[in-house]
Amino acid sequence: MTTLKSFLRGGAFIQPIWIFVIALFVFFSLMSEYFLSLGNINNILVQTSTIGLLALGMTYVMINGNIDLSVGATLGLAASLAVGLQPLGLTVAVLASLAAGIVIGAINGLIVWKTGVNAFIVTLGAMIGVRGLIFVYTQEQSFYASNFAFVDFGASTIGPFPVLAIIFLACTLIMHLVLKKTGHGRNTFAVGGNPEAAMDAGIRIGRNMLINFIIVGFFAALAGVLLATQMGASTPNLGRDYELWTITAVVLGGTKLTGGHGSISGTLGGVLAIGILRNGMNMMQVPAFYVLVILGAILITVLIIDQRLNVPTAKGVRA
Amino acid sequence: MTAMTQNAEARPVLELVDITKRFPGVVALNKVSFDVRPGEVHALLGENGAGKSTLMKVLAGKHRPNGGKIILEDEERVFDTPKEAKRSGIVLIHQEQSLVPEMSVAENIFLGSTPRKWGNRVDWKRLHADSTEILERLKCDFSSRDLVSSLSIAKKQMVEIARALVFTPKIVVFDEPTASLTDHEKPVLYDVIRNLQAQGVGIVYISHRMDEIFQLSQRISVLRDGEYTGTVNTAETDEESVTQMMIGRSLELDHASKPSEFGGPMLEVRGLTVKGVCSDVSFTVRKGEIVGMYGLVGAGRSEVAETIFGLRHYTAGEIRLDGQVVDFRSTHDAVTSGIALVPEDRKDQGLVLGMNCRDNMTLAGLSTVSSFGFMKSRDERAVYDRYQQAMKIKSPSWRQRVGNLSGGNQQKIVIGKWLHTHPRLLILDEPTRGIDVGSKAEIHALIKELARSGYAVLVISSEMPEVLGVSNRIIAMYDGRVTAEFDADNVGEDQLVQAITGMTGSTPQAAGAVV
Amino acid sequence: MIYKTALATSVMMLSAGLVQAEETYRIGITQNNVGVDSYQTTYESAFEAAAAGMDNVEVVVLDAGGDVARQIGQVRNLVQQRMDAIIIWPTNGQAVIPAIRQAHQSGIPVVVTNSKIAEAGLDYIAAFSGPDNVQQGASSAEMMCEALNGEGQIVQIAGQPGYTTAMERSQGFEDRLAEACPGVEILETQPADWNREKAQRVMENFLTKYDDIDGVYAGDDNMGVGALNAAKSAGRADEIAFIGATNFAVGYEAIGNGEYYGSIYQSPVDDAEAALQTALDILAGKEVPKMNFFETPKITADNLTEFDKPVF
Amino acid sequence: MASAEDVKQGFMLSKNQRAGLLSFLSAQGILVFFLISMLAFSLFSEQFLSQSNIMTVVRQASIIGIIAVGVTVVIIGGNLDLSVGSMLSFSTVLVVDLHDKIGPTNAILVMFAMTLLIGAVNGFLIGFMRLNSLIVTLAMLSAIQGLVLIYSGGQNVDIANQGDTWFAFFGRDYVAGIAVPVLLFGLLAVIVQVVMSFTGYGRRIFAIGGNPVAAVYSGIRKNWCVFSTYLISAFCVACAALVLGSRVMGSQNNVGQGYELLVLAGIILGGTSLLGGAGSIWKTVIGVLILGFIQNGLLLMGYPYYAQWLVTWVIIILAVWLDLAYKRKHLFTTHS
């Protein structure tokens, strides 16, 4: 029992969420004949790439002890710009939308850093406000990309693998390495784990948080651009509620809301778990209404399991 | 004690001249001067709030002074950040744990100055090699790859010290380094300090513990209310005169006598076992008696108290309160049955820092100051006034946020909170940790006074003078077990040390207690 | 409950597998946002009922929950499951085009239902089946003109911004009104996202802002009834003509009571059956026109009895 | 570097003469802001300050306000409740659907019971299981929305004879010239404010929000107290559902979607800290009203409805920032 617990708990070589991902994978493979195929796996990867990219940045911000609720709105703005600015040329449009993401990330980060206002509040404001910016820019309209090259990119493949999935996995790998291996990544843990100590050690915690907000803004914009290439269009409401699913995925992946703890590999597991669940339940024709209930129930269950596994570290006091 | 007198006349490596620091509405430091010679331990004393920590924060670059000079090796310096101070050789070892729990020992040691390779990548090989080298110098028995969250408090303290050695330090400031160490662990720290001394490092040592100061330091400087009151050579002074410098009056030492009339047993613990925490713990506290529980941090003392207080499940054994078997499911049950616990950690467990004095004071006994659920504010005020006067709590008003009070006054609020519930059993866990000598004596006197008036009192402490000074009987704990029980007035220090370090064959009673 | 559903589904799929031997058509549909209003829900059940009534059809019914990205994913999933035909109720008339194009390229015919997609996508669909929303807007404009005798000030409560149906109805209404009834002026237009409560709030604001409102055009009856509620509480319902679209049961009753001037009768059952039939016709190799509009007549107190009360 | 310090010193609000005014502004800052913005809008639109307009805005704000009263209690206790939007959908659909089936009285009773049951699930998971409230209520947001849809089968629900049911009282009637929703909002706000300020229960909630560990070590039954805050929150949602259902006499399944954010925005704007242990109901009332009047004022001035979102962005951050800046006596943080 204890060995099982420590096996499940120990991030030594496998995280609990991956056990869940594997279990889901096996379950759906048995339940649906269409589930286990290269095409479907590619589908899952492409479909999860949007939330996945958001979750990469979100993981950094959450390890920092912050949160970003504005990712969905930023994604929507980037998508609108990427399509709406295409008359100026594809490169301009894409660069401008990535820049918009970076700017919004920087604004959030600067406000959090300089004013000391809680990131939840800052980004809640941005979530509402950036959506307003989208409506101001688009005048409530959907935009359509006349250039099919844009769309073809979204649908293109390298070998048997869709480009979008490859981009997502490559970004995941890079973000994993940055978090594990670089000074910035390690400082991110230090800032979230003990900001006071990090500050004393000369780590510029404000700058560290700013960079991470810029990162999450960039990835939100990238996700927006890539989503736009899948649609060849953008809608002003794009990305609504995505922040909720992103946070859910990151938490499923074992990142703590209190900061100082988390990993990209766990986040990848969390994102895939949600993606596989959605895809598998589609395949099994579970009615959409039940999907919502099941997703909610699973999230709570994982939370309970996680807590049970971690009880010993909480000193066992009924506080 | 090792004579470093050859350095006594050496030029100071560091001089602070006329340092002034103002915070909005307060002058925290007023023209304070202070110097440290190489190879010297210079103790810095003062009551809480006297400005010691502020002075050290100015030195370490955390605060910028409003006036005065910092001269390091004959050169005037301005430190804008702690990192700059550190790079110049000034290191502050914090009172609070300033480690990042989810990172390895090595990463914590090199926090903010991790060796890098190209591309901002961490050079793990060098990081661990350098860390291991430092840990070896400190004779640490843990690996640089261990997670800090898995270490004991004492080991964490060693990591903090290891961090000081990353840059060849010229000045090391120890701020209450032994507050969370037990008597057993202190000698290791003392060795480290003497080692640093031998290398010519200047040490600033802040502590409330006179014994340590007289054991370690060559000179003593005293601050009072942000003012510098003087420096003396340790060899030429004694505790009483230093105390007088600190509080500006002679201290009413704790001459109150211990209680001597006991009633029947109030608390009887028999064979108490909590999985992974303690096993087969048995002891009794009688009415009117003060029982000291002595042991190392981690010996399970606080955990026993928490179990009695309904904070933990126990797997075997029995707790009787005034003869009745009790098994509390919550602290609420414990409180209504007449148990009070003054917890170990004042700020985290004892007080709601954002609340005012009065509200904290009545928090455990809200039902006594309300009718039909509504608070009777006049009664609340009366409760506050009563204990404020009885315990001489220094606070401008009941509206003052508790977080703004000094440690001693905070602790009195916590004690007042429990007295107000009129408990039958009062448990105090480290009641004087981090409290200045003046308040400490007052609290000791108060404890005795309470016992005399009939309370059964259990005092948990890792300070030997405290358990010897206040208790009638002493229960020694080691590794989750009671190893011995002593009459406090007839026990040798060596016996106590043996009992809490698990050395066998200490006393006949001990042999009997260990099953 | 969940377990049962899973079991039932697998049993269903198993039996479907057996029937597949005798030329079954497998048709996948991805809907816009079932559950957001009754029309879509009724559509879904009507669609399922219609399919269940035919023994050579097996359907996979999906719901995009209003999210464009999820709908695109669902189209891909349907392509992945090698459907014989895909029916899509677009969450957005433009954003779904690439997904439709992909289905088209993999040789699966796509039928767009209820809400049109943009010009650029028409090449990739086999057919559209649904109401003519521009025509509906125009009809509403004619009713408004009639109700106000060509003179007055009105407000418009539109559907969800960016949604094709909302835009087409608005456009049809505004164009026809300007043409047929220059004496009627639109004071202001605000969206209420097909939401009755929101429409009620929007109308309350209109009522405080404008002392003189003669008519309200709402993008559907759900919103129209919300506006009616607001006007009733303000005691101004009598002086205002309410005209909606997509006749709901509450709207039908309100017309009966004389509180509501008129609406457009649009049956989700017709809508669903037409879509399925169009898909089947295509699969059967019949010649099908690109645009298949089903009848959506005006409904007012005069011809109320000719229509059944909507079930939603 | 020295000059940077001087700049910071310049922002220090330490002058005695200014202190009195500033401490007033800090304590009542949000009220002052409220009055100023009212004044500003009234300059641009003559209808803004008309009695009927004010009544309309307050009535519209009352649904969000009623929920915000409950959520404020949860937040003071140191937790969050994001599930109120879905819960509102659930309760409204339930009461409207049951109205014709089992009569208004029974419908209301069942609806309150079911809503409190959901609140109890939240409270159990967060109070007794001690799970993180943000994630639990996020999961419940999704799960409850699913439950609504399963319950109604995705159909809108309606009350058939809107004219002759006393159920109309809650959303449509007036007592002494004041709309019932507004009265209900006011009544709940006053009662909860009194409970929070003057009872032992309120004191316990503040203590738990301020320092949960110390509260437990003081013998407070934290589990039960946290549990109870979610019942209060659910009760308020049920009251809001009563108003909403009665007002519309029908309901869509997603009627409460997004309410959780508006509620949070109002609470934050009012100045209740998300960290717990501080805050008040009347601040929340002001915060909610500000949001309502800004929306209304901007619309009256002819701006599109999304203009309010941009304004909300700015004022939420400004409000919290200035409050913080006052407390730490510096406009900006000093760390790098």
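So that you can tell them apart, the chains are marked A, B, C and D in the order they are listed, and the count of residues begins at 1 in each.
Operating definition for what follows: a contact is a pair of C-beta atoms (placed from the backbone, for glycine too) under 8 Å apart; a residue touches a chain by one contact, two chains touch by 3 or more.
This one's a predicted model, so the numbers in the text were calculated from it and none came from an experiment.
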Labels of chains that are neighbours to subunit C and to subunit D: A
Chain pair bearing the highest count of C-beta contacts: A-D
Per Cα centroids, the chain farthest from subunit A: B
Between subunit D and subunit A, distance of the C-alpha-averaged centres to the nearest whole Å: 28
Separation of mean Cα positions, subunit C and subunit B [Å, integer]: 71
Subunit A and subunit C, separation of their C-alpha mean positions in angstrom: 33
Subunit A-subunit B separation of Cα centroids, rounded to whole Å: 43
Overlap residues in subunit C, where contacts from two or more other chains coincide: 34-35, 191
Subunit D residues counted as touching two or more neighbouring chains: 149, 154, 213, 216-217, 336
Where subunit B touches two or more other chains, by residue: 81, 311, 330
Chain-chain contacts as defined at top: A-B, A-C, A-D, B-D, C-D
Subunit D - residues contacting subunit B, complex: 1, 5, 12, 14, 198-201, 203-204, 206-207, 210-211, 213-221, 223, 277-278, 329, 336
In the complex with subunit A, residue positions of subunit B that touch it: 60, 62, 81-84, 86, 92, 94, 96, 98-103, 107, 111-114, 116, 119-122, 149, 276-277, 306, 310-313, 330
Touching residues (chain side subunit A, partner subunit D) in the complex: 111, 113-118, 120-122, 124-133, 135-136, 140, 199, 204-207, 244, 247-248, 251, 257, 288-297, 299-300, 303-304, 307, 318-319
Subunit C residues touching subunit D - in the complex, by the definition given at the top: 34-38, 40-42, 44-45, 190-191, 195-197, 200-201, 204-205, 207-209, 222, 225-226, 229, 233, 248-250, 253, 312
Subunit A residues touching subunit C - in the complex, by the definition given at the top: 31-32, 34, 37, 39-40, 43, 46-47, 50, 135, 138, 140-144, 146, 151, 154-155, 227, 230-238, 240-241, 278-279, 282-290, 293-294
